Amino acid sequence: MTFNINNVLLIFNRTQIIRNSFNLERGDTIKLPAGTTAYLVNQDDNEDLRVADLVIPVNRPGKFQSFNPAGSQNQDSYFRGFSKNILEASFNARYEDIEKVLLEEQEHEPRQRRGHKGSQQSQEADAIVKVSREQIEELRRHAKSSSKRRASSSESEPFNLRNRNPIYSNNFGKFFETTPEKNQQLNDLDISVSSVEINEGALLLPHYNSRAVVVLIVNEGKGNLELVGLNSEQQEQEEDDEQQEHEEEQDQNKRVHRYSARLSRGDVIVIPAGHPIAVKASSDLNLLGFGINAENNQRNFLAGEEDNVISQIERPVKELSFPGSAQEVDRLIKSQKQSHFANARPEEESQRRRGPLSSILASMIM
Amino acid sequence: MTFNINNVLLIFNRTQIIRNSFNLERGDTIKLPAGTTAYLVNQDDNEDLRVADLVIPVNRPGKFQSFNPAGSQNQDSYFRGFSKNILEASFNARYEDIEKVLLEEQEHEPRQRRGHKGSQQSQEADAIVKVSREQIEELRRHAKSSSKRRASSSESEPFNLRNRNPIYSNNFGKFFETTPEKNQQLNDLDISVSSVEINEGALLLPHYNSRAVVVLIVNEGKGNLELVGLNSEQQEQEEDDEQQEHEEEQDQNKRVHRYSARLSRGDVIVIPAGHPIAVKASSDLNLLGFGINAENNQRNFLAGEEDNVISQIERPVKELSFPGSAQEVDRLIKSQKQSHFANARPEEESQRRRGPLSSILASMIM
Amino acid sequence: MTFNINNVLLIFNRTQIIRNSFNLERGDTIKLPAGTTAYLVNQDDNEDLRVADLVIPVNRPGKFQSFNPAGSQNQDSYFRGFSKNILEASFNARYEDIEKVLLEEQEHEPRQRRGHKGSQQSQEADAIVKVSREQIEELRRHAKSSSKRRASSSESEPFNLRNRNPIYSNNFGKFFETTPEKNQQLNDLDISVSSVEINEGALLLPHYNSRAVVVLIVNEGKGNLELVGLNSEQQEQEEDDEQQEHEEEQDQNKRVHRYSARLSRGDVIVIPAGHPIAVKASSDLNLLGFGINAENNQRNFLAGEEDNVISQIERPVKELSFPGSAQEVDRLIKSQKQSHFANARPEEESQRRRGPLSSILASMIM
């Protein structure tokens, strides 16, 4: 049990839990305001509870701290920080009583590491403890269940990412997103949350976010990500050491740079605003995303039948900008019949479909 | 007389003053927008005027500057910064006339220090000058008095911290606070202002601010403050010099650290958000506070009968978190009959009260 | 053609252009949200197009980047950043076709510099290309003209700085300004835009901005600028090297410092908030300004008949602050009959006007 001295946003996955008085399930998202005292209980006997947590520090950027009312092997109770004098006056009680009830027994030997505990009968608890079936039942009774929650509309209640329709959806994937514009809690933080499902063998088409920096977490599955940056970004670090002899030349001649990453469960990737990315799933892939600076963000796709910035460029400008003629550019764009998600291995598909009928059928089905 | 190139928030104490056209008194708070040309006059013959001033720089964080229309021994008039040429065109007058009327005579010897002035008949004025009774009367006539102000509701007018009821009050102390939610001027700045009175021998109970960083100024009295931090904060500075050999070990084993301070008049203390503090008064103590980042801030008390985060924890969680049973924790919390402010020396009290009757009486009186 | 990964604000000058679907003319101002794909076409056969562009980075302050869908000699297409694999799946097409239509031919020799292009038949386009009369006509047809725009009131449309009345205007100059308070697009960015015309031989009177940092661009003409700063600002840099021996002395004794600049076309000057400036035109001078942090900014003039902070100071404070008496100060201020803009060479004027009649006449005309 800790209180976080920061704003915390949680996405809960894969099992049921209780927090304060909420029974939570997969896709539930909750904002814990800075300074909230909170705990999490995994109610499920079989499944692990996994939570993605975006921490927004209130004191100093990049510096997060949490304080605990109750001490554990990992961290003292904050009550330990006050003098006996102050504690006795605060509780109007003798220090021995306060220590017995609130504080673990102060040790005089060096602190023990986790795992030694059972054998030594230390008073210190672990930060994560075993909860009995009865205790879980008692906590569950006081918590609002998901169905009750949906009736009320209180601002501080959790919302489920998957209750809304996906913003993009086809046979190759689904994109769930809640934005600051749609949700007051997210609005206060200027943050969006998303859950992206890319089916095995599918591709999230190349796109960029206009304003938001996106933190992606691989929740399940495997895949590949390609991110396009400018060469000058890479050189920046190198230039710290080297002389900047060729600066002028480099400025005039900006080459793009491909950043590739193999993705697997637990990976975290930060996507800066404006940088084009594409993600390919080698097994069913589930990504969780936090969009920072998300207000008025627009996701601009660079390929796909609909919702594609290239197709919106005016004819004479296409003609002048690209090596191909405007007709050739339009024909190329139209050869992709999917939007947002597509087949990542079209060459294999097309081999199967070869023959005049199959290709006609293919365009009818999709 | 200066204009501040910053937003300035002033709390006036202990005497009457005039600013622009306001007669101010103890507890009056006023926001001077950046770029305001302002002066302060102490109207009182006997009492010193004391002002607590929170400066919010507009150009660069942490960098405050003020410019003066009139020169003084401490600082040139900004008119001195313009060339003769520009000044003559600006005022449509000869430079000699402008210099005679607006600028002190330019010196050719090294500048004199304060204190030498009288004897040398320098043209330079001090930054603080003697005002005649007649001049004070003339300024006072044009200023709105407190009673007239209260009728109007203009946004730019001063407000008095003590006109509202205290948010916490009992025999041991009073806590006055105006928050961004209650006042438009403070809302623009995201700042709260407070005045805390802790009676001699009393304690402001342990609590933390959920979001706000609080700058405390000791206005009057003496006392002690305890602030709880994490050991890792202290180590940070030490680690700059030392090798970070034991980092992993320290991370797993966070101890709390007590920062203690004896308080006396003029002391300034910065309380980071989320850090528990308690304040004990050894003589009647008056603290002024500026809360920075104050919107939606919550003050969470850790002891006291009402308004106490520990008592709100659910029974099974108390049981699991603390060494004592849930009943013991509840009994301990209930032994303090006060909220927010309490007796700092309960042991002395209880000695006086010893005997069955006095303890019953005590619980009835309070 | 680029998309900017930043918010961009453009002021168009001196000729007609098309952007997306807008025909723009002198004084038109447009906000391009971060991530917009945009192009500019100069429709005029004779006149150059000049644009002042304020870039607000979304990822890191001070770090601007733009990405191009189409490659040029200066920068690769962002499609180049994706692997063949991803491109083929994204467009559902063979790589050779994509390369032929969207990407310039990859070179195997070192890249050529601009200017060599024509002779070598490179596939690479310049970032700025020649547009045929027919292409301009086609683009112009789809664009809304200025007159049509004025009817509608869509938020994302350009507005013209010169459609409104100038905020200051007399025989010596004109000051056009649109502030966040008056325009929603500017409000989102907290930016003001201004266009200042100072006639040959005229002076923009000394003034300071209360909150805004102003970036001034000299669009046309020549002149001089004087900016008043505090000596301590200058010393800061020097003190990095030197010992700070005399710090106490310097703090008590702040002298103002004059920063002078001769202005000519293309110069950019940053004016920090609160710092007094004056600008003199030696030929007709046109300045464009971006005010950053512009909400609630006030321009405070230090000379001139109306709108002058010095004349607003109360009588006894004038008496106490300045070497001259309050009457002398008032008389000095009143000798300037102009406000905001004035004659920069009054001595020459007064020689011409010498004689009782001319001075009476002068005060009647102006």
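Note that the chains are named A, B and C in the order they appear, and that numbering of residues resets to 1 at the start of each chain.
Just so we're on the same page, a contact is a pair of C-beta atoms (placed from the backbone, for glycine too) under 8 Å apart; a residue touches a chain by one contact, two chains touch by 3 or more.
What you are looking at is a predicted structure, and each value in this text was computed from that prediction instead of being measured.
Skipping chain A entirely, trace which chains still reach each other through touch and list those groups.
One piece, even once chain A is excluded.
Mind checking chain A against chain C and telling me if their interface is mostly the same residue numbers on each side, over half, or mostly different?
Under half of the interface numbering overlaps between copies: different.
Between chain A and chain C, tell me the centre distance in angstrom, where each centre is the average of that chain's C-alpha atoms.
Whole-Å distance between the two chain centres: 40.
Two or more other chains in contact with one residue: find those residues in chain B.
Residues: none.
Name, in rising order, each residue of chain A that touches chain C in their complex.
My answer: residues 203, 205-206, 208-211, 213, 226-230, 232-233, 252-258, 260, 272-276, 278, 280, 293, 296, 298, 300, 302-304, 309-310, 312-317, 319-324, 328-329, 332-333, 335-338, 342-347.
Give the list of chain A residues in touch with chain B in this complex.
The contact residues of chain A facing chain B are 1, 3, 5-6, 33-37, 39, 58-59, 65, 67, 69-70, 73-83, 85-86, 88-93, 97-98, 100-105, 111, 113-114, 123, 125, 129, 131, 135, 138-139, 142.
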